[in-house]
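Heads up, there are several structures right after this.
What follows is a pair of complexes built around subunit A, which joins subunit B in one and subunit C in the other.
After this line comes the complex of A and B, so read on.
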């Protein structure tokens, strides 16, 4: 006589609810709920509202008779000479600022990675500019770089009397770069230093035993092992440089809504002015969304190049097989 | 058949009646409550003054109200009847409405609380978007047409008409910026606010050592210069050391340059805007071209701070550091013109003219308005009345930072020192020419035109564009902004 197997019965709801996996799921969402709620309310919701605003002619005060304009604000950005100009200035600024800042920060980190007397003091001193409030930093630099009364031109005037180089107007981008590099060196140095201290001593010693000199150790051991850190700094630095607003805004001549000089008319400055000077909230938020897309593209391109120059142990493991 | 009342019912009714009578007899006597309160007493007198009618040799007698005494002392007064109550949201600057003043007002007006919000454009937009704009908003004259066009303002005329503190007849000319029949006809009609103080804004401040250095006499303070004379003076006063500017020849509020143009064009009965403010006209108006060229030339000769050669701070500070010879600011600047360096060396001069017509209005008229959406208008009016007519206004009048908004407080302006007396002499004369009202564009932001000018000025100074191209660019960009404004508001 054959026995008929009864089909497997699904556990009851009560059993399911009290099951271990369900409890773990609930615990998971409970623990991440504070972050999730904050993320939704403070990030997702503003992003959605921002996008919706970019489809209107909102000016801060016309909520009662706001008009839907579709993608007009986006098409306007492509036709706007100032938008294209400011994007160009931003790319120039990034191309100028990033290499100088990264190279100097790396060199500082290399120097401070040596076992020298007063190492801690130097590390603190080099990091100090990063913690000084940006307003104070800019004000001091403005005094230093002022065309007529600045210290820099006064020093140059010792050799060429009557010098008045316009560091804050015609050459504002150079002035901006100097300030950004000076104040950002500390952060870059700390990150690179952490990376350098993560390089195993055994690898350096092994290279030395094999006859490598300092340059060869640097070229074939240090740099490859630092590429992940360099990659991290590069990506973060690029994103920050595209979003630069406070420095050029504070560097602009004092006065109500006096525009910053064309030399330092970055994309975010242009966006800020569209919103707060011209009350073009819709157009301004459209510009912000376009910047988001540009940053995404640039970041993706950098990620694409990762496999060609960033050392990773997983990749080396695969090659070794 | 009627039913007879039973004994029990009779006793019940009688007991109730007695109880009512008893309770009524036991009511406490209504005693008028007396409170002790610090009361501000302002003693005014009406005097007859002989004045010369502007533009004619006619001499007339006019009654003028003057404040002769202000005292504050505790006094026992009858408790006020059911007071106005409410929480009034005031968006202002902290240094212009202090915590002490706020607390004093609340102590004197129980039931009304002031909720102070620091003046901030972003916050203002957010509050408006939420449907809860501040009850009282600090603003300037150029905002009024825009607010009127958007129907954001509360008509305060009925309040003014019954106020014991603020009288329409006592309002200084600058308050006309807060009156308007429509956004394009400002100056008369319903009143929506008032200025906290004001200045004839086109006067000049001269730094005497700069004139001495240049071998020039300081101009006479009774005769106005022409703008062309100002330009020549600036050329002679400016001092250069190679490419360095050691002494700026001239300075003005470049962030308000379009308002200066408006006033200058007003001398010629011209306007910056055409077709009911729906477009700016620069390239088609030879007078506007001449006026804007004047400011372009000042910048191109480095006689004034400009986009290629900016001031390290602002020209007000340049003047007090003794590095600016001649500065165009209003009476408000007199309070800060004298520094450790410039003390005793400053002279205020009358407003210059372009075509011989004297005009010296205010171009800011900073004040406050009440939101049309205010849910507590009576309480808000109490705060408004107090701020503009009582202790804070009296304190402001004596500070010298602006001409009082009420004519009856004019005598409270400081005039102890020789410098202050000289300033007052010039100011009293300038009052005659301060009655005109600049008509601001309701479709533009306060600083749009000046901003567009500054941006294109840099290109013009660098030679990237010609002056004609500069004007055309400004016209195109401002007209685009006007059209957007019309679209948003209309």
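After this line comes the complex of A and C, so read on.
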């Protein structure tokens, strides 16, 4: 009896073990089920449908008139003067916005990284603009940059009487940059500051003992050690600046049927108008996919440059060998 | 060494006033637009629209803040309620479901986990814009636009960013916690509910504040999804208040924006240590 039972017990233990791991697998998938279902239904499905839509002439209403047009929406995008113009605007805007934003955020982080009392208070103050919701931010800057009644032109008028620079129309890209930089400073600053605080003190001390002055420490210790963080901020900033839509939309003088000034006619504004103003869903989703491809290419290019300027301990170790 | 250190400290003392001067100057520069904004919100429209400009209001128009609730042809409180309802329901739901996801990714070694986690990481980088509009098309075909269901569904389906946040947080929990609970016969759901969740207040606060701030401030989603009667404060305040004749009431609109922003400022001050820490976790370990 006992000899019969003992081999039977072994599989039962194994079964119990495997049933434990089985139960944990079930538990894992139950816990992530909300996200997983959402990922399939609210991300993958729309992506696929979005791509299929981009191959049709869908107008948002009639499924009866829908026609498969192949890649025509894509070829049309290349021929569309407005599309090329708006892509150019987005590139200009990124080239203007990104360096100013990153440099200012870095300077703020450097200022806060000193050993002064009340550092936390200033960090909070500098972060506050990022807390203000976008609609209120745009009002703040609309009245600050107003051509006639704005404070900025009034201040400039002290030196050059009668200044009335149209920051929000002819030079809308400048106004836009000011707003985006101002409200984005907080995030960049906090991330840079965390990076700066991660630089080991011994390295700075060692450089000082070797006779390095502040600039040399900054140039040869701080900057190289910060490159991974700079890289991270750069990639994130580029991706979001290519998708900028809400700021120019809100700055547009009246309503959504009037396009924003040519200066801030960004790619996403163009796309948005194709879909929501002209009901060209097929063409609009094609434009979205093209932007996606552009962003991916730019991101990959940035990643390609990584090894030339981003410091990594592994690489230095290899060189040392 | 000693000499070097003394000199270092001496330089530090000398640098202090200069440091403060710079920090205060930067504070002034950054807050200048906001100060101008707050001053203008206390003016009459005629004062704001006078040229050359005047810095201070002749008499501070505190009643602008009363008029926020009484003029403009729409009910500020009604739209504030819409914003509050959407922000609260979304953030409570998504904080909870994301905590579940984060717990699963942090504490379970099961097949398929690492591949799914790669998807989470990829979703953090992939531009959101390719999904936002197609998602809208799907919801409008399901006739769920102009309802609050999309926010509930987004809340129920968690967010990759917050799953990531909770995962980082739960990774730091000692494994003895679970082992002890398991010996006592607790299943994974009990472990999550009575051990991990109660100890995750910091992460829950971070996640809640982030989500609440996002929905409260979001302009684009309610603008495309909701009709004028159902929309949120963000959309209503994007255009100015109007008097019965249809003329813009600027300074009252500005006062309304101040009232609209205030809850977020209060929330930020209450939870700032969580927020800044959460941002660094999400930023640097990604």
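The rule we apply is simple: the second predicted complex is superposed on the first by the 279 of 321 C-alpha atoms of A that agree within 3 Å, B and C clash if a C-alpha of one lies under 4 Å from a C-alpha of the other, contacts with A are read in each partner's own complex, and residues count from 1 in each chain.
Throughout what follows, a residue touches a chain if its C-beta (ideal position, glycine included) is under 8 Å from a C-beta of that chain, and two chains touch if they have at least 3 such contacts.
Computed from a predicted model, the values in this text were never measured in an experiment.
Steric overlap between subunit B and subunit C is present once the structures are superposed on subunit A. Looking at the shared chain after the overlay, A:60 reaches both subunit B and subunit C. Of the two partner chains placed by superposition, only subunit C is touched by A:285; subunit B is not. After overlaying the two complexes on the shared chain, residue contacts for A:262 are found with subunit B alone; subunit C is out of touch. Taking subunit B and subunit C in turn and counting the residues of subunit A each one touches, the greater count comes from C.
Residue contacts after overlaying the shared chain place A:166 against subunit B, while subunit C stays out of touching range. Shared-chain residue A:149: touches subunit B and subunit C both. When the shared chain is aligned, subunit B comes close enough to touch A:277, but subunit C does not. Annotation: subunit B segment clashing with subunit C after superposition, chosen from 24-32, 78-86, 114-122 or 222-230, is 114-122. Subunit A residues 60, 143, 148-150, 157, 255, 276 lie at the interface with subunit B in one structure and with subunit C in the other. Residues of subunit A that touch subunit C in their complex: 21, 23-25, 27-28, 31-32, 34-39, 41-43, 45-47, 49-50, 53, 60, 108, 111-112, 114-116, 122-129, 131-136, 138-141, 143-144, 148-151, 154, 157, 182, 185, 187, 190-191, 194-195, 198, 208-209, 229, 232, 235, 239, 242-243, 245-246, 249-250, 255, 268, 275-276, 281, 284-285, 288-289, 291-292, 295, 299.
Residues 1, 4, 8, 12, 15-16, 19-20, 22-23, 26-27, 30-34, 36-37, 40, 48-53, 97-98, 100-101, 103-105, 108-111, 113, 116, 119, 123, 125, 127-131, 133-135, 137-138, 140, 153-154, 156-158, 160, 163, 187-189, 192, 213, 216-217, 219-220, 224, 234-235, 237-239, 250, 253-254, 257-258, 260-261, 264-265, 268-269, 272, 276, 279-280, 283-284, 286 of subunit C are the ones touching subunit A in the complex.
Interface of subunit A with subunit B (complex): residues 57, 59-63, 65, 67, 142-143, 146-150, 153, 157, 161-164, 166, 168-170, 253-259, 261-262, 273, 276-280.
Residues of subunit B that touch subunit A in their complex: 121-122, 124-125, 128-129, 150, 152, 241-246, 254-255, 305, 307-314, 323, 445, 447-448, 450-451, 454-455, 458-459, 462, 481, 484-485, 487-489.
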